[in-house]
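Below you will find the structure I want to go over with you.
Letters A, B, C and D name the chains as they come in the text, with residue numbers starting at 1 for each one.
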Amino acid sequence: MLNEVKSLNEECGVFGVWGAENANYLTYLGLHSLQHRGQEGAGIVANDGKRLRTYRNLGLLTQVFSKPEFLNSLVGNSAIGHVRYSTAGENKIENVQPLLFDFTDSQIALAHNGNLTNAITLKKELEEKGHIFKSSSDSEVLVHLIKVSNAPTLHEKIIEALNKIQGGFAYLLLTKDALIVALDSHGFRPLSIGKLSNGGFVVASETCALDAVGASLVRNVQPGELITISDSGMEIDHWTNKTQLAICSMEFIYFARPDSDILGINVHSARKRMGANLAKEAPADGDIVVGVPNSSLSAASGYAEEIGLPYEMGLIKNQHMGREFIQPTKELREKSVRQKLAAVKGVVRGKRVILVDDSIVRGTTCAYIVQLLRDAGAVEVHLRIASPRFMHPCFYGIDIQEKSELIAAHKSIPEMNQMFGSDSLEFLSEDGLISAIGLNADAPYSGLDMSYFNGDYPTYLYDYESKK
Amino acid sequence: MLNEVKSLNEECGVFGVWGAENANYLTYLGLHSLQHRGQEGAGIVANDGKRLRTYRNLGLLTQVFSKPEFLNSLVGNSAIGHVRYSTAGENKIENVQPLLFDFTDSQIALAHNGNLTNAITLKKELEEKGHIFKSSSDSEVLVHLIKVSNAPTLHEKIIEALNKIQGGFAYLLLTKDALIVALDSHGFRPLSIGKLSNGGFVVASETCALDAVGASLVRNVQPGELITISDSGMEIDHWTNKTQLAICSMEFIYFARPDSDILGINVHSARKRMGANLAKEAPADGDIVVGVPNSSLSAASGYAEEIGLPYEMGLIKNQHMGREFIQPTKELREKSVRQKLAAVKGVVRGKRVILVDDSIVRGTTCAYIVQLLRDAGAVEVHLRIASPRFMHPCFYGIDIQEKSELIAAHKSIPEMNQMFGSDSLEFLSEDGLISAIGLNADAPYSGLDMSYFNGDYPTYLYDYESKK
Amino acid sequence: MLNEVKSLNEECGVFGVWGAENANYLTYLGLHSLQHRGQEGAGIVANDGKRLRTYRNLGLLTQVFSKPEFLNSLVGNSAIGHVRYSTAGENKIENVQPLLFDFTDSQIALAHNGNLTNAITLKKELEEKGHIFKSSSDSEVLVHLIKVSNAPTLHEKIIEALNKIQGGFAYLLLTKDALIVALDSHGFRPLSIGKLSNGGFVVASETCALDAVGASLVRNVQPGELITISDSGMEIDHWTNKTQLAICSMEFIYFARPDSDILGINVHSARKRMGANLAKEAPADGDIVVGVPNSSLSAASGYAEEIGLPYEMGLIKNQHMGREFIQPTKELREKSVRQKLAAVKGVVRGKRVILVDDSIVRGTTCAYIVQLLRDAGAVEVHLRIASPRFMHPCFYGIDIQEKSELIAAHKSIPEMNQMFGSDSLEFLSEDGLISAIGLNADAPYSGLDMSYFNGDYPTYLYDYESKK
Amino acid sequence: MLNEVKSLNEECGVFGVWGAENANYLTYLGLHSLQHRGQEGAGIVANDGKRLRTYRNLGLLTQVFSKPEFLNSLVGNSAIGHVRYSTAGENKIENVQPLLFDFTDSQIALAHNGNLTNAITLKKELEEKGHIFKSSSDSEVLVHLIKVSNAPTLHEKIIEALNKIQGGFAYLLLTKDALIVALDSHGFRPLSIGKLSNGGFVVASETCALDAVGASLVRNVQPGELITISDSGMEIDHWTNKTQLAICSMEFIYFARPDSDILGINVHSARKRMGANLAKEAPADGDIVVGVPNSSLSAASGYAEEIGLPYEMGLIKNQHMGREFIQPTKELREKSVRQKLAAVKGVVRGKRVILVDDSIVRGTTCAYIVQLLRDAGAVEVHLRIASPRFMHPCFYGIDIQEKSELIAAHKSIPEMNQMFGSDSLEFLSEDGLISAIGLNADAPYSGLDMSYFNGDYPTYLYDYESKK
C-alpha cells in the first residue's frame, strides 16, 4: 500500500563501514538502498582515525547530500549512517542521527534502529542528576549511561549500559578506534554484517544494502550480541546471554525490501508464500488477482499462482509523485489522490477483482481503493489481506503506539467489509503467516514477534505497560 | 528497462482543458500523469478570456511548479500544458513548451508532441524572408506559417499551415477564444478528448490523464482532424482527407502508461499479450520468469502465464533514485549502477531465469543485467524480447535518429546473445506484435507504424530522407 | 534615496569584452560593478569563435550565476553581458538580455541600454510581414531590421537598420567575428571603451566597470558612432553624421556610480558641486546637514562644505536588506520600513536638520523620512533637493513614462512642502545643475538632456509624442 | 574597513521580547538590525506560555528564515533571538543559538553574547560527572550549572550558576514564565532594555534594535544585574555586587551601528570625535580626507571638519557584494578584490590623500588600499588610524585570541608605514580615544576596556591566562 497513506513507519535504517577507502560514499550507497526505512532525515559520521565529522539534515538522503562537498567533507576509512522517520511537524534536526558526541577528550557517534521501552524512566533519573539531553529521541540515553559508568574500559562501560536499557535496538557506535554493533536480546530488528572484497566490513539493517555496496553476507547479528570491528578484525562478544529470538513479523510483511534476506529468508518469497497461504485459506470467486502497488505485489502474485487466476496490473502507482506535489483546493483533493494510485480501466472493467493488500492498519484507504476499482468498472471486489488482523500497537521501533489508531482493534470483519464497500474480506491466519515466513526458530511463534496480531508481547513493556 | 539507461525518449506529452474553473490545477494534474512522456521541462499557458499567461522551466513538473504562486498566477478557465524531453546539455529554456507568442494585437500558445520532417527546409525559407525563430525546436514553424498565411480567418490560416508541414504531430493551440487540436494525417501520436462532469473539455496525449482529472473519454482524435473547442462546444473538422492510420507501435511496447487505452486498447493488456505471444513463439526451458522493472513487467507476467511458470520479482528498481544522486568516483561507478536496479538473490539463486525485456535499443544495459542475475546466483539466463528487432530510426517524435545507435541494426542475434552473455536470445515476430496489439485497422500493419522493425516508413521523410 | 522606494529605474547596463582569456569571468566582474543599473535580470553570451553560448535568468547577477558551472560553460575569448531592470510582476525570462538569435547559418547576440521611440510602429510593420518577436522588449527590433535588410554586408545591414530606429540606445552586438558597438545620435546613454593590459578591448556603460577589470579608458563612445572590434583591432565608423550631444542628466544626478567618470567628469564630484550650488542658491538656517543614503551623500557633503555646517550621518541604511526580507502583517508594515532606513537619534535629537536629497520623483517617501527625523528628535527639517523639479517623463531609457506619476508636475513647491511636513523646501535651478556638471559641450544645455525638468525633448518622440 | 577583510568579528547579537503579539516578527526585525554583529547563523525561540519552539540555521537571518512558515511556526507573546559569528568551515548548526533545552518537565532557552574565560575548566569538571554537551560553544555551560544547582528556585539556581562563570557575557534566558537578562560584572558587552507602546518589553544588544521595533529606551543594563521580565513586569536584581564598568572600546570604534547609543553615547558622534582628536594629534599635509567605507566614514568626516579639508568619497564599496560571488581563478583574484572596494579616480587623481581607517588589526588590506589609491592617481597617501595600536587579543567576546595575528604587536609604526606603502602613518592616542568616547564613568579608563591597546585586562583570564 502507499507508504504515505498507511502511515506505518519504520523508525530507521542503519549502515556502517570499517576499513574501506570512500567509506563516506559506501555509506551513502548503503543508506540509499535503505531509504524505504526512513525518509524524514539522514546523516553520516565519518572517522579518519583522528577525528569524527558529521553531516546530517532533514529530508531524503539525496536532498540532505544535495551538494557533493557535504559528502566529500566526511573523510576517513570508516563511517556510520542513518535514515530516519520522524513524526510530521517536528522540524527537529536535533533528532536526526547519527548523533555525534564531542567530549573534551574523545568523540563517539551513535545510530539506532528500534525503540527503548524504559527510556523515559532512565532519562528522568539522569536529568535528576543534572544531565542534559541534546535530542528528544530515546536513542541518546545509551551514551549518557556509558558516560556515567565507572567500568574501566569502554567495552565494559557499553556492556553495563546495554544491560540497563530495555526494548528493541540495533545500535551502531563509532569511535576513532572501532565500529561497535549491538542487538537487543530478542533481535527485534534485522541487522547483518558483510565483507567487502578488500577485506573491509559493513553492517546494515538489511542485506539489500550489502548488495548495494558489493559486500557478501558474513553473519546475521544474533540477539544479545556485541560485536567490535576494528583494524584487528571482527570480535564477537555478548552483552547478555538471556536471549530469545522474536524478530518483528512486520519486517517480512511490509517493511523490508523484497530483495533483502532476513535471517536467510528472502522477503519477496516469504510474501509470495503469504499470498499462496491466503489463497488456500480464503479463496475467492473472481476473474483476476490485483495487488496494491508496490508492497502487495509479491503476495498478490503468490495468491494468483496458487488459485490459478491471472495476476493483473489493475492498479498503478505514479512514480513521479513527490513531496513537492502542490496541495490542491478542497474541491480538487479527490482528484489529487488519484495521482498517487490509479485503477487500470482496461484491465478491471467488467471483472470480478480479487484485491490483495499486505495489511490493514488504519484502514483509511481501503474504501478509497475499492471505490477506485468500482469506478473503473470492476463488478465485484473481494479484499484479501496477506497478514492477520493488526490489533495491537508496537513498542519496539514502529510508530504505532495507540490501539485507538488500529481499525481491526475496534471493528469486526463484517463491519470492516461494509466500511470498505468490498464484496468480501478475509485475513491470513497467524499460522498461515508463521508457516509462510518459515523461520522455524526454537522460540515461540518460530522466533517471530506476533504481538501486533495477538498482543503477546515478548517482554515487559516498562514505560508503555499501561498502553498494552 | 530503465528509462535513464534505454535513452529512448518520447518527445512530449500534451494536455489541454477548456471550460473549467481551476484549469491551471487540472492541467497540472493532467501533466503529472503524463510525466513519463518527458522529464526535462514543463510548462502551462492559461487563458482568462483576455490574456494568456505562462510559466515554464527546465525540470520535472513538480520542480518547475516548486512554489504554489507559480501555478496560482495562471488564472482562467482554459489552459494547455506540456512536458518535454530535451537532449542533455542543451540548457535551453527557450525550447520548453508551451510556446507563447505575443503579437501586438493577439496571443497564441502552442504545445506539440511529434516531429516535423520538413521543418529544416521550412525554417530556412522563412529565415530567408527575414523571419527569426525564438526556439531551436521544429514546433515553432507552424506559428510562422499561420502568421504568413493570407487566408481570411484563423481557422483557414491554420488549415493552410498544417498542409505545409510534414511528419508526426499532435498540436494543441490556445487563443483567448478557443482550444484548437490537430493531429497529423497518420495519427503517429495518440491524442484523446474527454469530458468533465461540469461539461468542460480536456485533451490529452494519453487517457491516463483523463482519468487523472476525472474526465470520461469522448473521442480519440483521428488522423487529419482539426478540432475546435470553444464556449460554443466542440466542432470537428478535417485539415486533410488524405489520411491513413499508422500509430507508433513503440507507444504500445514501451512509452505509454499501462493504464492508458490507446484507440480503445489497454496498454498493459497489449503488453501481456506480447509476452504471451513471445512465449508461444520462443519458449525457454527455465524455472522462473523475471521482467525488467518497470516497463517489462506486463510482458513478463504474460509470458509466465502462457508458459505456466512462476512469475517472480527477480529484479527490483530503487524507487528513491533521483537526479540528485551524487555521481561517484570512477572506481565506484559500478556500485552506483547497482543502486538503480538490484537482483533479488533469494529469488534467482540456483534458478534458470527467463528474463523478459520489452525491447532492445542500444543494448548497453543487457550485458549488465544478465551479469547482475548471474552474480546473484542464476544458473541460466534466457533473454526474451517482447518486440521485434529495433533496426530503423524514428523521425516522427522519438529521439533516435541515427541507425548507428541501434545495436540490432548491426549485430545478428547470435552476436548479441554473445555480447550480452545470455544463454539464449529471442525476439517477438512482427506478426506476433501486430496480433498482440490487435488494432485491426484497415491499413498496412493493421494501422501500426512498424518502421522501427522493417524500415517501411509510412511517409516520405523530406529533410531526413538521407538518414533512412 | 532608496532605490526600491524611488521607483526610478535605469533600464540596463551593458558590458562587452573582445580578446581576453576568461572573457566570461571578466564580463561577470564588469556586470557586477554595473549591478546598480538593473537588478531584475542578468545574462552573458560568450563566443569561442565557432559558437555563441548564453546563460541568463531573472534576479541579481550573483543569483543568476549561482553555480560556477553556469559561468564556466560560457567559453571563449569574447563575450557581452547585460543587467536589466524590468517591471515587477512581469516574470518574463524572455526579456532578459543579451538576446541570442540562432539562425540556421549564423548567430548574433544583442545587449541594449536605452529605449526606442518608434519600436511599436516598427514592430507592427514587421509583424504585418509575418515576423514573430521572441521578447516583448523594444530591443529586438534592431535584429529584425538587420535580418530584412538587403544590404550586401553585415556592416551595411547594421547601418541601414540603425538609421530606421529612433530614441536612445547603446547597443552591443556580438557575432563569432566581431563585437559591434553603436550609440544613438544624441548619446543619451554613457558608453566607454577600455583596453586591458593584454591588448584586449572592453566596452561598458560606465567607467567603474573598466576599473573593475583593470582596463584603462581608451575612448568615450560618441553620438552616432559605430565601432567594430575584432581580431584586427578597433575600427571607428559612423552610422550617421547628424549628431548632437544630449546625455541624460539623471545619469549624473542619480543613476551612475559615484566612482564613474562620464565624458570625463567624475560623478561624485559633479554631485558635490550640485550640493554646493544648492547651498548658494538655497541656504537654510540649520545646525547639521544630512543626506539620504546612499545616492545623496555626495550632494549633502557639498552642501555642508559650502555652507560651513557639519555634515552628519543622520540617516543610516541597513546593508543587509534584501528581497528575501519577509513581508510583515499590515500592522507591522511601518516597523518593516524602518528596517531599510533609520534615523540616528543621537545625531539629530534637538537639531535643525538640513536634509539633502538628490531628486524627487514620486515623492512617496519624503513625508516618511521627514517624520522619521522628527520622531528622532529633530526640531526643524529643511528639505533641499540637489536637482530641479522633475516634471516630464523620459522616453530614452528610464521607466518613468507617465506624467501623472511625477509629483512635481502636479504640485507647487508650497504644496509639496506641506505634504512632506518639512519646514522649507527648495530645488536646485537648471543653471545650477548645468554648471555643476560642467560638461560645456557645444550643444543646447551644454550637451545635457534636461527634458525631465523643462520638457524640451531633444528629438521628436514618435510613438510617445502624445505622452509629452 | 571591509568586514570580510578585517576578520575581526563580534561573536553575536541578542534580542528578546516579552508581552507582545507577533513576538516572532518583532524578534526578526530586531535581529535584522543586529545582523552586523554576526552573519554566520541565526535563530529564534518563541514561547506561547506552554511550550517553547525554535527555528535556527546557518546563514544570514533572511536566509535562515527563507520561508514565512519558518517564522510563523514560532507562536507566542515572547521570544528571544540570536545572530552569530562562527569560524568559517565549522559547519555546525549545533552551535547556532538560541540553544533550546528540553527537559522532561520544563524547557529553557539561552542566547549569549560574550565569551567565558573559565568555560573549558568548567566543562571538563562537568564531563567528569557524566555531563554531555550538545554544542561546542562555551555558552552552554551556564545551563549545566543551573541544572546541577541544588538551590531551591530557578532564580537562585541562576545566581549560583552566574557566580561560577567568568568573562564577558550578556545572557538572555527564556522559560515559559519569564525572560531573564544577565550581564557580567564588568559590562563588557552593551545591552539595553526598551518598552513598546503596548507595554511589552524588549531587550537588545544595541539601541538600534529598539528603534527598529519602535521601542523607547528604558534602561541600559548595568554590570552585575539580573533582570526578570514576566507578566508581573520588570524586576531588577543583582547576581553580584562586585562590579566595575569596563565596556569594550571596540564597540565604539568598530562594531556597533552608528545609529546606536551605547550607555547614552551616540556611536557615530563618538567616531566623529575620534576623527577630530586624531586631526588634532596627527594632522597631515593633504588635499582631501577619505574614509574607508563604511566603518571609517564617521571618523573621516570628523577629521576633515577639524582640519578644514574637504571630506571626499575617494573609495566606494560595492553594495551588491555577497557570499554568492563566484571565486575566480588565481590570476583573476586581484580583479575580484577590486569588486569589494574601488577607488574613485575622478576624486583622488593628482591629490594628496589623507586616508582615515578606524583601526588596524591584521593589516592585510592596508597595503592593498594604499596601492588602490596610488593606481587611481593619488600623489600622496597619509594613513591615519582613529584608534590606538591594537596589540593585545580579546577574551571577552571578540574572535581575536592570538597575539601573533595582530600586526601592531610585532611591527613598529615606521615598519608598518613601509609595509603599507603609505607616506606617513599615525594612530590616535589612548587619551584621545577615551576623551572622544567621553564615557566619564568612575572606573579605570573612564569605564572602557582598553586592554586591546595596553594589555591591562580588567580581570584574571583563567583558561586564557597563558595567552596574555
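Remarks
What we mean here is this: contacts are C-beta pairs under 8 Å (C-beta built on N, C-alpha and C of every residue); 3 or more make two chains touch, one makes a residue touch a chain.
These are the chains along with the protein names UniProt gives them: A, B, C, D = Amidophosphoribosyltransferase.
The shown structure was predicted, so the numbers you read here are calculated from the model rather than taken from an experiment.
Note on connectivity: the fewest chain-to-chain touch steps from subunit A to subunit C number 2. Listed here as common contacts of subunit A and subunit D: no chain. Most remote from subunit D, judged by the distance between CA-atom centroids, is B. Interface note: subunit B and subunit C, two copies of one sequence, contact each other through mostly matching residue numbers (shared numbers exceed half of all numbers used). For the pair subunit C and subunit D, the distance between C-alpha centroids works out to 37 Å. Centre-to-centre separation of subunit B and subunit C, using mean CA positions: 48 Å. Averaging C-alpha coordinates per chain places the centre of subunit B 61 Å away from that of subunit D. Multi-chain contact residues of subunit A (touching two or more other chains) are absent. On subunit A, the positions that touch subunit B within their shared complex are 22, 25-26, 28-29, 32-33, 35-36, 39, 60-63, 65-66, 68, 71, 207-208, 211-214, 257-259, 261, 265-269, 272, 294, 297-298, 301, 305, 310-313, 316, 318-320, 322, 324-329, 331-332, 334-336, 338-339, 342-347.
Of all the residues in subunit C, the ones that touch subunit B in their complex are 55, 73, 91, 93-94, 101-104, 120, 123-124, 126-127, 129-134, 136, 143-144, 147-148.
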